[in-house]
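Both complexes shown next keep chain A, but they swap its partner, so chain B is in the first and chain C is in the second.
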Partner chain A sequence: MNNFEQYRRRFLGGALATAGAAMVPGLMLVEMAHSRAPEEPVSSRNRWGLLIDTTKCATGCTECVTACNTENGLSGKTGPQDSQWIRKVELTHKKTGAQHSLPVMCQHCEEPPCVDVCPTGASFKRDDGIVLVDRHICIGCRYCMMACPYKARSLVHEDLNDTQLAHMPRGKGCVESCTLCVHKIDAGENTTACAEACPEQAILFGDLNDAGSEIARRLATYASKEIRADLGLNTGVRYTGI
Partner chain B sequence: MQIINREIEGNSAGYWALLGGLGALTLIGLFAAYNMEHHGHIITGMNNQIVWGLPHVFAVFLVVAASGALNVASVAGVFGKKIYKPLAPLSALLAIALLVGGLSVLMLDLGRADRAIITAWEVNPTSVFSWNVVLYSGFFGFAAAYLWTMLDKTAKPFYGFAAYGAFIWRLILTTGTGLIFSFLVARQAYGTALLAPKFIVFSLLYGTAIYVLVLLAAYGWGRRALGDEVVRRLKNMLVIFIAASFYMTLVYHLTNIYFARQWDFERFILQTGGIYTTLFWLGQVVIGYAIPFILMVAPNTRSNRSAIAASAVMIVLGALAQMYVTIVGGQAFPLQLFPGYIEKSSFFDGEIHAYTPSYWEWMLGIGGVAIALAMVVFAVKILRILPESLADEVADPHAKK
Partner chain C sequence: MLASWLKTVALAALVALSPLATAAGSAGVPEPVIQKGKGDQCVEDTEYMRKNHMKVLKQHRDKTVHEGIRTKQYSLKNCIECHATPNEKGELSVLGKDNFCQSCHTYAAVKVDCFQCHSSKPAGNGAMHPIVSTRSGPGEKTAAGMRHHLSGKSPSLNSTLSVKDIAGVIK
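For the complex of A and B:
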């Protein structure tokens, strides 16, 4: 091997190592943005949310609702006193007659009215934007249900008769709502039951804070909407096509 | 002539029957609360659409009336009208009792009533409910201190402080009660600061009406002299408070009618809302305002004690109708998630929400009223609350001093 060859190899090796070293922080950042170790605390690096494409959402299809009920141990009954964490809303425009179908659940607001009004702090927002109810200190006053602009919350009106699942404790007399499948997120699965179940992939789960994520890229590219955007709550759930 | 406040004898069969009856109603209320706790809210008419129902109608009515019941004492202690001074202890007592009754209903209606005490240490500074925990406790403190300074001569130096404190506190308290609804941004019936002064004006009417009824009953059944002058002045107060309440109601609805986005809601309450429309026009406006106003102003009836008593009863009925329209009617009209669209879903989006109160809720609500009245009936027997005589020659010259 001549000197030139040796020099060439050293140069290439060094360049590769430098390039590799330069990529490491970037890769680590991407990794950090996507998930965290279970022992790591939740942080505001993430803002979990959903983007719902109403043009794909089919009228009459309730796969997301069924999946949510199964995932969280809800009965699926739809009486006035039954819990519904997610529901399909069918819309008809009063003037044009245009029709849309879309799922509505807790919108995981950045400024949640339910958290503002809760007398005990049982309604709370995690640093990663997920709005939850602490079942240990909820007194069942239902002030959050009065305050929620999205009608996203339900009171457990009767005994649950051990229909609860280990990962989703519930309780008679306490208020509950969509948790954005927090147990999946904390387990590093980074998805929700509704998003997985949608046959049209109309529901996209992701990290709104991660500029490289699919959800952030789509939000940056296409027009999207928050329900009752006039309230200025900055919801984590967004809609396109309406 | 010196006016002496003295305990009533309270030994008659009628007294014990009254106390026993109120005790029984209290027990019935507690039985309802036990069942709601045991079975859950499934046994009530409340649901995920109408989340606050009849218990809240009674509770908010009692809490609002509590602060208004203090009005008579404030007129004496803060505004210096001497004729009201002997009437003040009953006023403070009634304020405490009505608040106990209202809060009992509110607490016992909780989904987890056993956890109510958590509000004492898990405090959320942005929650109006959390503020109210402080406001209610403070009101008890001031009203009790006020009562003490009136009953115990050694506490006289604190009289002014307690009187002013209770007066200012009651204004803040009712503001807090109004703000429970004012701070609900998304519902069309609420979300206006007008509700705070509106509740203050309503409280003056409701509290004074209850005061008049209790006074007439106590002096009628207790066979103590009650002159026309005291009754005339209280009646005049009611007339003014009716006019003020009507004004607040008018301004609230006119504001809504001016905003196009509120038309559907106003049409619902004023025109097409079925029970809510009936309760508004017939209950709140006709029975609660118009008829009592006419009875207490018309020359033929304005000095008639039965007409005044009937007016006070009608004001209370109108008050309950108003609370039902405000609280239940406000929720019955659906939230608008997508303005401009007809909404339909399995969760009753876009439709008028149905609500029929169960008998458990009636039992709990009436139980709260019974707790308040039982406290008054018992307290007038053991404390020097009621003046021995309020005959004109006693009360009226006293006023001219």
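For the complex of A and C:
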């Protein structure tokens, strides 16, 4: 081993050790942010959301939709009476012809119109920003479906005949939509089925309130958009590249 | 005179017929089959759970849906984990003629709404409940649960409780 090789090894070893030390505070932050005990209620310390990079999202790819259907026990049919929690939307710029493909699901608004119009209080926003339907209270009136600017909600029209998954109760006569995989978040898994399934890593899940998180860092660095930002709903799902 | 004679006859007939009436009543409605769940005990006393399981479940449901509290003690999912037994089709479930929820609810003529939305089948492998049965180690519990799952039945599932045991339900 010559002198140069020895020097190179020393340098690399030192660099790795430094990198390891630098990682520790970051890891600690992540650990602290998601260590909610099972008996501890959710709080507004967290605000969960998604950042979707439309430049990575491939036209025709429906991996996230399929993963969502599998995770939540949806049929996968796309008829007018079937539940769709994620829709793939294809956009074409009228003048340039530039094409974009993006998944659109419940945008988990800070000021959700579906909650405003719900006559029973079934449609609600959890303290950590997730917009949900309490199916015990939902009467299936579908006002929320009318109010949602994103066409994110579906009504279950037919009896599901005990085909529901244990972690995702669903039933005839209730409105439903993307839950941001709330069962995974409550279990501390800190991810969603769509984000895990995306082959291009175009979907990033994270805590918008945690300045140290990847999603907050990227939102602070790059330009991102809300769909229908003019409505002032402050959505939890953001897009880059459109 | 005639009236008092008639009264005596009617009374005698009533006394003579009363055992028959009682017998007919008890034969009419079949008693619920109460299959024993997994583990040594429920999350509360059996008597308490018979009277209050619906209140406990309702309180827990609101906490879970709105506050994200997913403790296992009063979770419906964990009720099913322990109380699911093979139904007519051989699937582990709490619904079915002789299965835990339906058997008793049919007897009491109370409609059970939970399973319009919730799955009546256990989520995982039907392994032992983590809260009760603390006597054996976690490894043992899982192994026992797996064996139970594979064979489809366990010795404890065949034992049914006596009429005296379900007195709380009949009252």
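Everything that follows uses one rule, which is that the second predicted complex is superposed on the first by the 209 of 242 C-alpha atoms of A that agree within 3 Å, B and C clash if a C-alpha of one lies under 4 Å from a C-alpha of the other, contacts with A are read in each partner's own complex, and residues count from 1 in each chain.
One rule holds in what follows: contacts are C-beta pairs under 8 Å (C-beta built on N, C-alpha and C of every residue); 3 or more make two chains touch, one makes a residue touch a chain.
Note that the coordinates shown come from a computational prediction; the quantities given were computed from them, not determined experimentally.
Contacts of A:189 after superposition: neither chain B nor chain C is touched. Once chain A of one complex is fitted onto chain A of the other, the partner contacts of A:214 are absent, as it touches neither chain B nor chain C. By the touch criterion defined above, A:172 reaches both chain B and chain C.
Legend: residue contacts after superposition of the two complexes on their common chain; A:148 is shown touching chain B, with no touch to chain C.
By the touch criterion defined above, A:200 reaches neither chain B nor chain C.
Of the two partner chains, chain B is the only one touched by A:92; chain C is not. Contact with chain C, but none with chain B, is seen for A:41 once the two complexes are overlaid on the shared chain. Shared-chain residue A:164: touches chain C; no touch with chain B. Taking chain A as the reference, the larger set of touched residues comes from B, when chain B and chain C are compared. By the touch criterion stated above, A:111 is placed in contact with neither chain B nor chain C.
In the superposition on the C-alpha atoms of chain A, the part of chain A touched by chain B in one complex and by chain C in the other spans residues 171-172, 174. Residues of chain C touching chain A in their complex: 61-63, 65-72, 77, 80, 95, 115-123. The residues of chain A lying in touch with chain C in their complex are 36, 38-42, 124, 126-128, 132, 134-136, 162, 164-167, 169-172, 174, 182, 185-187. Those residues of chain A whose C-beta lies close enough to touch chain B in the complex are 65, 78-84, 87-95, 100, 104, 113, 115-122, 137-143, 145-151, 153-159, 171-175, 227-228, 231, 242. Across the interface of their complex, chain A is touched by residues 37, 39-42, 47-49, 51-52, 110-113, 115-116, 118-119, 122-124, 126-130, 133, 180, 183-187, 331, 335, 337-338, 340-349, 353-354 of chain B.
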